[in-house]
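Labels run A, B, C and D following the written order; every chain starts at residue 1.
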Amino acid sequence: MIQKLNVGMAGLGRVGKFHALNFLERTPRAELVAAFTPDPAEIAWGQQHLAPYGVTLYDNYDKMLEHPGLMAVAIGTATSVHAEQAIKAMDHNLHVLCEKPLSVDIEVCKAVVQKAKTKPHLKVMCGFSRRFDESYRDAADKITQGFIGRPSIIRSQTCDKFDPSGFYVEYAAWSGGVFVDMAVHDIDLTLWFFGDDSVPKSISAHGITAVQPELKKYNDYDNAVGVVEFHNGKIAYYYCSRMMAHGQEDTTEIIGTEGKLTVNGNPQKNLVNLYSNAGITREVPPNFMGRFGPAFVREANEFTAACLDNTPLPMKLSNAVKAVEIGAYIQESLVTGKQIHFDEIGRRVQKAQL
Amino acid sequence: MIQKLNVGMAGLGRVGKFHALNFLERTPRAELVAAFTPDPAEIAWGQQHLAPYGVTLYDNYDKMLEHPGLMAVAIGTATSVHAEQAIKAMDHNLHVLCEKPLSVDIEVCKAVVQKAKTKPHLKVMCGFSRRFDESYRDAADKITQGFIGRPSIIRSQTCDKFDPSGFYVEYAAWSGGVFVDMAVHDIDLTLWFFGDDSVPKSISAHGITAVQPELKKYNDYDNAVGVVEFHNGKIAYYYCSRMMAHGQEDTTEIIGTEGKLTVNGNPQKNLVNLYSNAGITREVPPNFMGRFGPAFVREANEFTAACLDNTPLPMKLSNAVKAVEIGAYIQESLVTGKQIHFDEIGRRVQKAQL
Amino acid sequence: MIQKLNVGMAGLGRVGKFHALNFLERTPRAELVAAFTPDPAEIAWGQQHLAPYGVTLYDNYDKMLEHPGLMAVAIGTATSVHAEQAIKAMDHNLHVLCEKPLSVDIEVCKAVVQKAKTKPHLKVMCGFSRRFDESYRDAADKITQGFIGRPSIIRSQTCDKFDPSGFYVEYAAWSGGVFVDMAVHDIDLTLWFFGDDSVPKSISAHGITAVQPELKKYNDYDNAVGVVEFHNGKIAYYYCSRMMAHGQEDTTEIIGTEGKLTVNGNPQKNLVNLYSNAGITREVPPNFMGRFGPAFVREANEFTAACLDNTPLPMKLSNAVKAVEIGAYIQESLVTGKQIHFDEIGRRVQKAQL
Amino acid sequence: MIQKLNVGMAGLGRVGKFHALNFLERTPRAELVAAFTPDPAEIAWGQQHLAPYGVTLYDNYDKMLEHPGLMAVAIGTATSVHAEQAIKAMDHNLHVLCEKPLSVDIEVCKAVVQKAKTKPHLKVMCGFSRRFDESYRDAADKITQGFIGRPSIIRSQTCDKFDPSGFYVEYAAWSGGVFVDMAVHDIDLTLWFFGDDSVPKSISAHGITAVQPELKKYNDYDNAVGVVEFHNGKIAYYYCSRMMAHGQEDTTEIIGTEGKLTVNGNPQKNLVNLYSNAGITREVPPNFMGRFGPAFVREANEFTAACLDNTPLPMKLSNAVKAVEIGAYIQESLVTGKQIHFDEIGRRVQKAQL
């Protein structure tokens, strides 16, 4: 009989539930054996959806780490405890799949990476779901094969359907701001397509609060544009919004010296078009799960395979830090209204001499 | 702990392998416990991919039916043995999921339905994968909600990528012809969208052999167009082809008195577009698995749920017979070059009086 | 100074007005010098829109033919007088651009062609606007260049937006039926892409009256499907409808042994997309002028150039007859419910021997 | 007989030829009576294409202004003489249609506007062709009708097909830079959709030379991104490129609080799609004439109507200055690498206090 990876899930909120079900049902080589959440409502959900399949529920993270035979932890709790939980799991010699970001604090992110370096036998991955999306993978392959020459410009956006509940106002208090919370995906894609070694040269950003003026109290915005110029003669520009009427629209263009690739330039929920007196209409996924659901499944499977087979993970943990770091700089530029400059080894410089 | 459906897979050819892996890996409530194939190469594949997960392999179908605890059989063998195997499984009081068609012989099809009627506690389904496709489901919902008024015209095509191997020439010897083999899916969709009780009024068909003239020896064609007019004032027209250069293109339009729905009017493999000096290009799935893979997974899950929960199956077994029957009439019209007519209760009539 | 072609317009109905303005304003080498209509309302329109530019108005066709310096006539009157007016114009040694069809009566059509043969110095063209459409031209070029191998299957449809006024019911009294009135364009395209010498082998058709049951009194239909198989191993199949909710949708697919071309597979009015909570919507042209307006302009210009420079017309007059002839056969098959057969030189045969 | 507008064309280069032919052939209410160019090759072209239609050719601009009966001048000469020629034409009491920009020097632009104010009976327009494009007009109508709520974000790009000739390197010496030369269209659209009274609050820009490093000697770039934040809580961001492999791609998104409009989100040359073993491909217009040809025709017609009927022009001359002014600020930010700030009445301020 084959060996399976015994996984414990930390956090059963929206993303946590999804990860839990993916490890339970859609990851043949993994076995979800335990789940932790401090939230009684989430415990109740787990009793209904996980316990019947033999998953043990915990309301104490430390106790879950002691679950017999546990081999890996997937962390989908609040961002503020990601790092601490990841480090504890490593201390228990458990592999770690952690939702992005490791932290909104760069120093804390770096501490996780540091700890991972001391445990080279462990697989520690920060889950940037787009890395596992079939379309992004295809685009990456085509870039590698030279279809577009040298990638030079990236346009990438993370645009959510407007949520009138006000959730995102309070969320802004601790999210790190739109560029850390949303654009971090686009920044990670940039590192993928431009190369991990890309060093920012200058950064600018601008934002507005078109529909949620309350965001201003947290120095945040509901629509923002940021530009990162790199020392290798490349530019990435980002648009984040939480104001879409039509649904989720995460689009990326990679423009090379000899061609261009777009991913999700024509968003769509499925293959249906309705022809009516309004014209021709197609629907759009309402949220990131509608767009990236299969990518999360692939993430669970690839993480599992890397742990069991001791093969390399598809992305470096240090990139997760770098993406947050760049996001934080863009956010700073957004708030201060000043362009930020860096020298060729990434040290921040003043541009007073100009 | 939850109850699982113990499934045995009959046939490990192309579709059989796919079903087997779906029940093994992507159907949480099912357990693949056994698999049968008479083919040593397929047994070898099973030993590598199924046995390590506890699946027992059989080279004798009857013996697999005796597998302890077996509750259901999925049949993906050659069409010629579908009916016999389905009936044997029912004799063992096993639920049955059978690949389409039950048979290319209507009387044989009817025998399966007859047997199923004597075993009303069993779930017996003929798998028309498009019934489980998210886009077709969405179209069906929109029709039910009245988005297009009264469905009146259906255009539906099954178009395969050209296979230069010559496989389809020999296959034509026993496939029943393009309208039984390929258009049967489009006919099934027609019954879904026009209503199960739709009675053909007249049928015409025309075909050519554009790239595989050898098909003529089996009275078959590589491109064919058929039209079915129904007594309820509706028309379905079909195009089958095995000549596509670009890939699989199964498209359906449902045209109502107040609107139209298309499914897969713009085929695409994923969300990537390549902009090059040739223009803007997107790729297309190469085969039906690229298009309908997720539908097969949903089929396995819904069949399993119906068996375990004793809930109705999403489609009637008798439709599977009706689709083959209509397909055979179109094929007859194709071969004879004559229009065929039926009275209002479906009895064939001559139209000499006109 | 350059020579201009002095043109007289016969008929100022919907299409006639459009032709008149095209010759007046958008055909630099032509001069609209005269216009005829028996309709006082149309005369009034002409007095406002044409007379100020020096166009002489006539309520008598014969008198217009005597207009000093007249060199050509464009005929956009009722179909029933097309042929007579065309012949009269030729008798006056005038070039003729006649709206399609020459007549719904094949013998009358042939008389026009016969007359034209006696006047080889005259340019006589029946205007099939799609022949002048940039997209169809591009498709034709690509076929000629071998992009799709040997064209083998054509799917072509003429679908109008539903007109609730009842106009098309009365129109059916003399239109010749949907296949003569609407599909004649698709048949003409077929002759273009398959070759003028294509000889029908068999023809079938089916129709319904989904929204205008009154059409039955004229043996006509609001939705119809027809199939024409040719002796050169090719098939064309057509769909005509007057029931579209969304607008005009004239689509053509040319499927070759090595590829496929579509024209207007994704109808659209312009380049705008609206993203709203309904999804992503684009509008569609409401009528044939919205789709083919520029083609009519090009038609006027190319006809003018052929007359002035004595160069060949872009299409043969005999094709116009052939298209109507095939249309009439499809219409016959539609009404009788019988397949029609032809031998290799196009003579109709019975298929009793089968 | 109707009155026509007698027009003289200044400049017969690429755009000048196009304007000349539009006034000659596609503007029914205008008469092209004269054309000026200092270039012998262009004079030769005019002798072949214009003179036969009665157009008098001049190699001296001042002499053309004396042409008997001249009522208006269209200016399509080099940018450096636009302003001088426009002012001279006004001094002759001639209406003026001037290609964009009036000048790359703001003070010179303002002098033209000042002169126009002293001649209120004259129509003086700077031609921003996109204002006359049907799709942009449709988008503007939909915004006015409230389809997208309050426009808040604009993304707009002007992307040309790569020209390997090196032309654009020398052109950069006097073009004013990419944001003055290319993005000025996008800025003009911004003023249209956000309102003429929009006042910039801050501006950032970044650029690279990916394929034409020689541009650096003129402080210019082949790819550049600029962001303009306005005091009314709106942001426009622009991308200019001369590196496209596939053709011209000028795309605009207007994102409102309740929806989004895209113009040319799916570029295409015509309605043809080619299905081949590469997938599904459509072509793209190779240049701005392929995209905006009909808009230039409409521009000529609307300008003519405004002159003859003394009706308002569709756009304010002062906007043409404002667009260049903003373009020049973005260009400055691009070159200096510093964000630029403005107070609420548009005066430039330092942001040292932050």
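The criterion applied here is as follows: a residue touches a chain if its C-beta (ideal position, glycine included) is under 8 Å from a C-beta of that chain, and two chains touch if they have at least 3 such contacts.
The chain lineup, named per UniProt: A, B, C, D = Gfo/Idh/MocA-like oxidoreductase N-terminal domain-containing protein.
Computed from a predicted structure; not experimentally measured.
Enquirer: Please state whether the interface between subunit C and subunit D is built from the same residues or different ones, using more than half shared residue numbers as the mark of same.
Expert: Counting shared over all numbers used gives more than one half: same.
Enquirer: Please compute the C-alpha centroid of subunit A, do the same for subunit B, then give the distance between them in whole Å.
Expert: Their C-alpha centroids are separated by 39 Å.
Enquirer: Which positions in subunit D touch two or more other chains at once?
Expert: 148, 244-246, 258-260, 265-266, 269, 275-277
Enquirer: Looking at which chains touch, is this a line, ring, star, complete or other?
Expert: It is complete, because no pair of chains fails to touch.
Enquirer: Can you list the residues on subunit C that touch subunit D in the complex?
Expert: Interface residues on subunit C, with respect to subunit D: 1-2, 24-26, 28, 52-54, 134-135, 138-139, 142, 147-148, 258-266, 269-277.
Enquirer: Report the residues of subunit D in contact with subunit B in the complex, numbered from low to high.
Expert: Residues 244-247, 249, 266-269, 275-284 of subunit D touch subunit B in their complex.
Enquirer: Okay, in this complex, where on subunit A does subunit D touch?
Expert: Contacts found on subunit A: 148, 150, 152-153, 155, 202, 204-211, 223, 225, 227, 229, 233-235, 237, 239, 241, 243-246, 255, 257-260, 265-266, 336-339, 341, 351, 354.
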